[in-house]
Structures are given as C-alpha cells and as structure tokens.
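Dumping the structure here so I can ask a few things about it.
Chain IDs A, B, C and D follow the sequence of writing; residue 1 opens each chain.
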Amino acid sequence: MTIVFYLIAAITIAGALAAMLLKSTVHCALALTIAFAGLAVQFLELDAQFAGFAQILVYIGAVAILVVFAILLTRGSEAPKGGVFSKSWPAGLAIAAMVFAVLGWAVLSSTSVLPNETAKPTVSVLEIGNALMGRYVLPLEIIAVLLTSALIGAVIVAKHEKGSAK
Amino acid sequence: MIGHVTALQGYLLLAAVLFAIGLAGALTRRNAILVLIGIELMLNAANLNLIAFWRYGPHPEALTGMMFAIFSIAVAAAEAAVGLGLVIHIYRFTQTTDLGQMNRMKG
Amino acid sequence: MFGEGILKGLAETARNFAGSFVSADRLTTVQYPEQRIAPIEATRDFPFLVYDGADWEAGLRCVACQICEKECPPKCIYIEKSADKKPDYTGKPQIYPARFDIDISVCMSCQICVEVCPFEAIKMDTEFELSTTDRFGGLLYDRKELAKSNEHYHKIHPTEAAEVDARLAEEKAKAEAKAKAAAEAAAAKAAATSAKPVGGEIKA
Amino acid sequence: MIKNADQIFVLLQHWVMSFFPHALQSLVGVLLSVVSIICVFPALFAISVLLERKGLGRMQNRLGPNRVGPLGILQPVADGLKSLTKEDIVPTSADAVVHFLAPVFLVVIVFMGYAVLPMGRNMTLVNLDAGLLFFFAMGASTELSVFMAGWSSRNKYSLLGAMRAVAQMISYEIPMLLASLVVVMMTGSMNLGRIVDVQNQYTWGLPHWYIFTPWGFAAFLLYATATTAESNRSPFDLPEGESELVAGYFTEYSGFKFALFFLGEYVGMLSVSGLGATLFLGGWSAPLAILNWVPSWIWFFGKVMLSICVFIWLRGTLPRLRQDQLMNFAWKFVLPLSLLNLIVAGLWRFMGEGLTRWVVCSAILLVAYVVMARVGMRKERFGPRSYRYAE
C-alpha cells in the first residue's frame, strides 16, 4: 500500500494515543484534533472527498471546539488530584486488547472473502445531492429532526436555571 | 503475516486500532470529557470502516457507504453536543467531572 | 435600526476622505518638523524671567519676594535672595535673586507663578522643544537660562506685553511724580528752614 | 495578443514546466502556483496594511504614514522589518508548544483556503468538485488556532479574548454558510469555477452577476456582515478590543509571531473577500461585455482590493458592538434573514422568467427586513444591558 497511507495512519494513531494518554485534558483535545485531521486525509485517500471535507468541517470545526469549551467550563484543565487513570485501568486495557485481537483476527483471516475492487469511483457532489434527495431522503429528514432536537436538548440541559445552585 | 495484506485490510486494521484506543481510553480515564473523546474516536473508527468498505466494495456508485458515513458524522456531532451538555450539567451539581466520585444518584 | 445610520456615517467618512485631498479644513494636520502651525496667542509652556534693557543681570525685574516659589503647586521653583540690592526700573534699590532655578521636568505649565507675581517678573514662554540627554541637570534651568528680554516677551505675547509695559510705565511715571513731589517738598522744606531764621524776626 | 495577456500566468507556468521531465511536470506546476500564491497574497497584505493606515488617516482628517519612502510606500516593509527584529518574549507560565503552534496553524490553514479560489480564467490551483465545502472546512478550523493562542498564553485577558473570538466566529459562521448556500442552490454546483462560469454571461452588455438579483443582493449583504465578523474586523472587532482587552488573544505574542497573527488576519480577510467576489461579483468576469479584453485576473484582484477598501471604510466609520449586541444581532437578525433568503431563492427558481418574480422576491425580503428590524430588535434595540446577578 502507498507510503502516504502508512504516514497518515501513523499520525492518526499517534494523535489518538496522545488523546488518550496525555495528562492535561486540553492537550488531549488538541491531540484529538490531529487524529481527526489524519482521518480526514484518510477519507480523501479513499476518494470520499465530500466525507473528508465534511469530517474537517464538522469535527475539527465544531466538535473539537465543543470539547475544548466543555473542558474549560468544567475547569478540567487543572490536573486532577488522584491519578489520571481510574483504579481499574488494567481491566479496561485488557478488554480493549481483547477487542483488538478479535477484530484483527477477523480482518486478517478473511482475506479471501473481502471484496477488492480497485476501480477508482468518481463521485460528484451532484450524485451525492441526488442520492440525498432521492434514495436517502427519509434519513435526511430524520437527521434534520434529530439535529434540531439535539440542539434544543443540549441547550436546555446545559442551561443555567435561575433558581438552582449557582 | 503482515506482508500480503490487501489495501482494504490495511484500512480495517487502522480502524480496529483506533477503535481499540478509543475503547481503552473510554474505559480507563477518570475524566468524563475524556470518556466522550474516547467515544468520538470509536465513532470515527467506524466511519473509516464504512468508507473503506464503500471504496473497495463491489459497486461504489450506489454511494451507500459514503452516505452512511456522512449521516454518522452528523449523528456523532449531535451526540457529542448532548453528551457535553450533560457533563456540564453534572459538573454544575457535583462540582467534579471525576467519574470515580459520581456514585450517588442524588441531585 | 434600518441601517440608514450606517449609511449616513459611511457618507460622512467618505466626504472626509475625498475632502482631505481637496479642501484645507478637511486636512488639519501638517508635516510637523518641516511645516509648523503658529502657536496661538495664549500658548504657554515653561516660565521665563523678564529683564529690561540690555544687561540681563541688571535689568531683571524679579525681586526675590518668593511668592511664586510658595505658590507653585509642584514646588519646582528654588530662589535664594541676594545679600546686596540693585536699583529696579524705578530706581529704587531692591533685592534680586542670587539663585533662581526652575526644574522644567517638574513644572506643569499651570501659569500660577505668573498670576501671583506682583512685579510682572515671570512670564510663560512658547518654546517646547527642550529635550535634553541629561535628565536631571539638563532640565534644571538656572537664572541665566531663564532670563529673556522684554522684546522676546513682546514677540511671543504682543497684546499682553503691551498691557504690562503700559502699566509699568504708568507706575514708573507715578513713582517719578511722587519722587519729584517729594523732592520739591524736601526742597521747599529746606528752603523754608533756611528762610525761617531770617523771617522769624519779621513776624514776631 | 489579448488572449495570452489573459493567460499570461498559465503560459508562464507551462513554459517553466516544459523544462522538467514529464514525470515531474505536474508537481512543478502545482509547486509554481503554490509559490506564486504565497508570494502574491502577503504582497497584497502589505498593500492593504498601507491602504488601511493611509485611508483611516484621511478619513480622520490627518495624513497617513508618509515618512518611510515616498508617500509612505515602504511603510509595510518597515513594519515587517520591525516585527522581524523585535524580541520574541514568551511568558514563562505559557504552554510553549501550543503557544508556538497557534500562529503557524492559523497561517497554514488560511493559506490552504486559497487552493480553490478561481483567480482568473482557468487559474485555479485545484479545481475541486466540492470547492466551496473545502473553503468552509478551512475557514471553520481557524477558530481552533484562535483558541490555542488564547488558552496557551495563560493570561486572563487573552483567554477572555479567545472565548469572545471563538463564540463570535461560530455564531457568524452559520449565516456565512447559508448566504453562500443560496448561490450553490442557484448554480447547482459547489465548484467555484462553475459558479463563475454561470455568472460570466451577458445580456445587453450587463453581466449575470448574482448581486443584481434580489436574493443575491440580500445574500451578499448577509455574507459581508458575516465575514466582517468572521475575520474579527471593524464593528465586530471585540476580541482584540484594545480599550478593554489589551490585544485579545494575541496579547502575549510579540515579534514575528504577532506579525504572523497579523498576516493571518489580513490574508484571511483577503481570502474571504476573494470568495465574496467569486460568489456574488462574478469572480474574474468583466463588469461590462465590452470590457472583456481586459485580462481576467485583473478583475479578480480589483474586486478583492475593492472589498478591502470597503472593510477599511467600515472600520473608519462604525463603533464597536457590545458582546451581547453582537450575539443578539447574529442569532436573532442575520440568521433568520439568511434562512428566509433560502426560501426566497427557491421561490425565485420556480416562478419562471418575468418581472413578477423580481417584485415578489424583493417585496418579501424588504418586508421581512423592515419587520425584523423594527419588531425583532425592539426589545434589544441595542438598549441597556440586562444583568443576571446585579439587579
């Protein structure tokens, strides 16, 4: 596979690892952004242009800022008293390792079954638009309702009630 | 073993690694926000899988994989917003985001 | 809130912008070191001591009465009286300041010293480019540096200088008249005393 | 002769590429355009800084800088040298890595936005199919670098400035997207080259620019307001409000890093006005049919410099908005109007040719503007602030 894939994969994994292991939470959020950017480039590698730009716009543009704001609002940037990891971190690690083992085994052992068409699909925004309006119009409407309700829900949940504890 | 892996399997392995890292983070970190970050990573890994299968799948012109990934990006953004709203709300009452201390149902 | 306010504001700045190339009043600033705007009549920067006649030391009007030193809010005037006296413009011997220093780094050009001076000895100059390399000694002006001629005073504040000179001339005239009257009285008295021994028998 | 005057840069590029072996040619071509963009736009940045200082001066009845070089032409060079030689102080408590990365990240992202702008007839670096989405993706990620700058200098003023800047940029990003969405809706494609081609036709000598349609004019005004706020300029320059916030998120920056932020802001302004020209003012198309002999890139850069002059003009005129007025204006005035503009554009599309659609669309937009302005903003009529704690 191309060198670009390995390079970007290394950056993404490094970003993800840093996001999980760093002590200061804001550094974690910034490392997360690097991971998102790496993934966006992977999407472009896979010729999914629209998804790649949407990923940059939605994740780096909005979700990263949201996470960083949440960190600041909950004063997460000061280092916590106890350790950064929960007491039962070995168990968590073991479960994650097992999951990775299962996934890895499944991927590697199914080389024959996996499709491998190397034809480069050319996707134009027009096709995506038609697909959105044609075949996927129902999910589009559901997403619209979901996003509105999430918007209102998040505002109500995080809103500052007048009478409650300051 | 690693030598003759196909392109699709490379992406699937990368997604598996990201998923495992996200899961490890979500399980081991104490700060609620970092658990959410872990979940975001897992979602992204799933997106990568979707698009990898779409790209190397039999007929990519059907656009199913990519549309699914775009919808999942939208849903993940909404989920992140609500999740962080909840974290801020909990913080307002318990003054802490440390998951270890959130063991009381009061409030 | 329709935005006409914004449009009016934009029109105003546009008029200013266009006007600055054309009319003079739309471009009020000048190239400072090369061109200068003439200071207006009442400009005041730092005080200076006025002297009449040619010799600055003899013609100094200041009589070291130290009113200005006491009145000065930032206390930047330092005066030491002289031991002897020198005749002032009316000829009356007056004390003069042996040392008269002003620290212009402290002076705030409030002109109180000019207002309280009974002898019109201290006035405000219009010179402001006084920067020096030495912060302490360089800005402590002594008598010699502060003394400037009456003609300089006329040049910078013409109307005010004219009034001051008129008043001084009138006082001088009054003083001379009084001196002349006193002199005549003295002469008459002298004449009367010399004539009385002669005239005493006649009246008796 | 006219043809190659218009294509002078493209021919130059091909001429240079012809020296290289075939394998390297495409790489060299792209490299050449990237280098040209990185040289041209900082030069435009220098010109607009000079234009700004002299223009603001003239508006305030004073001469602008005219000491360095004849008529002050070399003033930007002097500023550049000064910022290069100034000492670069980093506060000890600052987070060195993030502190250093913020300006670099900002400038890189802003320059990447130029990849999709069509600067002349087939003079686009990368003719992306989803060009507009790429531009907005780059625009959206500049907020992160603003936050990194504010947070990493560990200084209350810069954090406050960064929070204000990010909140302002997010709330004005949505109207900007919706205003340009209208253009995408009417042309049917996100490819900027296509958008300019559609506007490049002429009837009776007048161009088909979108600004001459009611929804296009409204979208242009909304776009201009949103981009002025997006680049923290003129009435919305709250984040670096000198009076209260010292210098906002780049308080702790000095020397070349400060100049990088300055460059980032101006180059961002140039790119946003470039997009505005492409979407509403017909990119590189000539304003009149008879003027078509003028090379196309002259029109593009002319329109960009014209919008820079309008930015400067706004800065010379309007006072700064308060933070709550800013937010009210964004969410309760600009956003609803841009949504309504989408509906009006749809109406325009399906009402067919003829005068009626002109009257109907402009009537709807005008009525909405008046009602929104009068009713909507009455309570907040930029009136006194309402406090949550102090009664």
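Keep this in mind: a contact is a pair of C-beta atoms (placed from the backbone, for glycine too) under 8 Å apart; a residue touches a chain by one contact, two chains touch by 3 or more.
Keep in mind the model is a prediction, meaning the values are calculated, not measured.
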Problem set entry | Intersection of contact partners for subunit B and subunit D | A
Problem set entry | A-D or A-B, whichever has more C-beta pairs in contact | A-B
Problem set entry | Inter-chain centre distance, subunit B versus subunit C - centres from mean C-alpha coordinates, in Å | 84
Exercise. How many angstrom between the C-alpha centroids of subunit C and subunit A?
Worked result: 81
Exercise. How far is the middle of subunit A from the middle of subunit D, if each middle is the mean of its Cα atoms, in Å?
Worked result: 29
Problem set entry | Mean-CA-position distance for subunit B and subunit A (Å) | 5
Exercise. Residues of subunit A touching 2+ other chains?
Worked result: 50, 54, 62, 69
Exercise. Should the pattern of chain-chain touching be classed as line, ring, star, complete or other?
Worked result: line
Exercise. Okay, what are all the chain pairs that touch?
Worked result: A-B, A-D, C-D
Seminar exercise, completed: Within their complex, subunit A touches subunit B through residues 1, 5, 9, 12-13, 16-17, 19-20, 25, 28-29, 32, 35-36, 39, 42-43, 46-48, 50-51, 54-55, 58-59, 62-63, 66-67, 69-71, 73-74, 76, 80, 82-89, 91-93, 95-97, 99-100, 103-104, 107-108, 111, 114-119, 121, 123, 127-128, 131-132, 136, 139, 143, 146-147, 150-151, 153-155, 157-158, 160, 164-165
For this session: Mind listing the subunit A positions that touch subunit D in their complex?
Result: 26-27, 30, 33, 49-50, 53-54, 56-57, 60-62, 64-65, 68-69, 72, 77, 124-126
Problem set entry | subunit B residues within the subunit A interface of the complex | 1, 4-14, 16-34, 36-38, 40-41, 44, 47-48, 51-58, 60-61, 63, 66-67, 69-71, 73-82, 84-89, 91-93, 97-100
For this session: Would you tell me which residues of subunit C are touching subunit D in their complex?
Result: 1-3, 6, 9-10, 12-14, 16-17, 20-21, 26-29, 31
Exercise. Inside the complex, what are the residues of subunit D that reach subunit A?
Worked result: 98, 128-130, 133-134, 136-138, 140-141, 143-144, 147-148, 151, 163, 166, 170, 173, 188-191
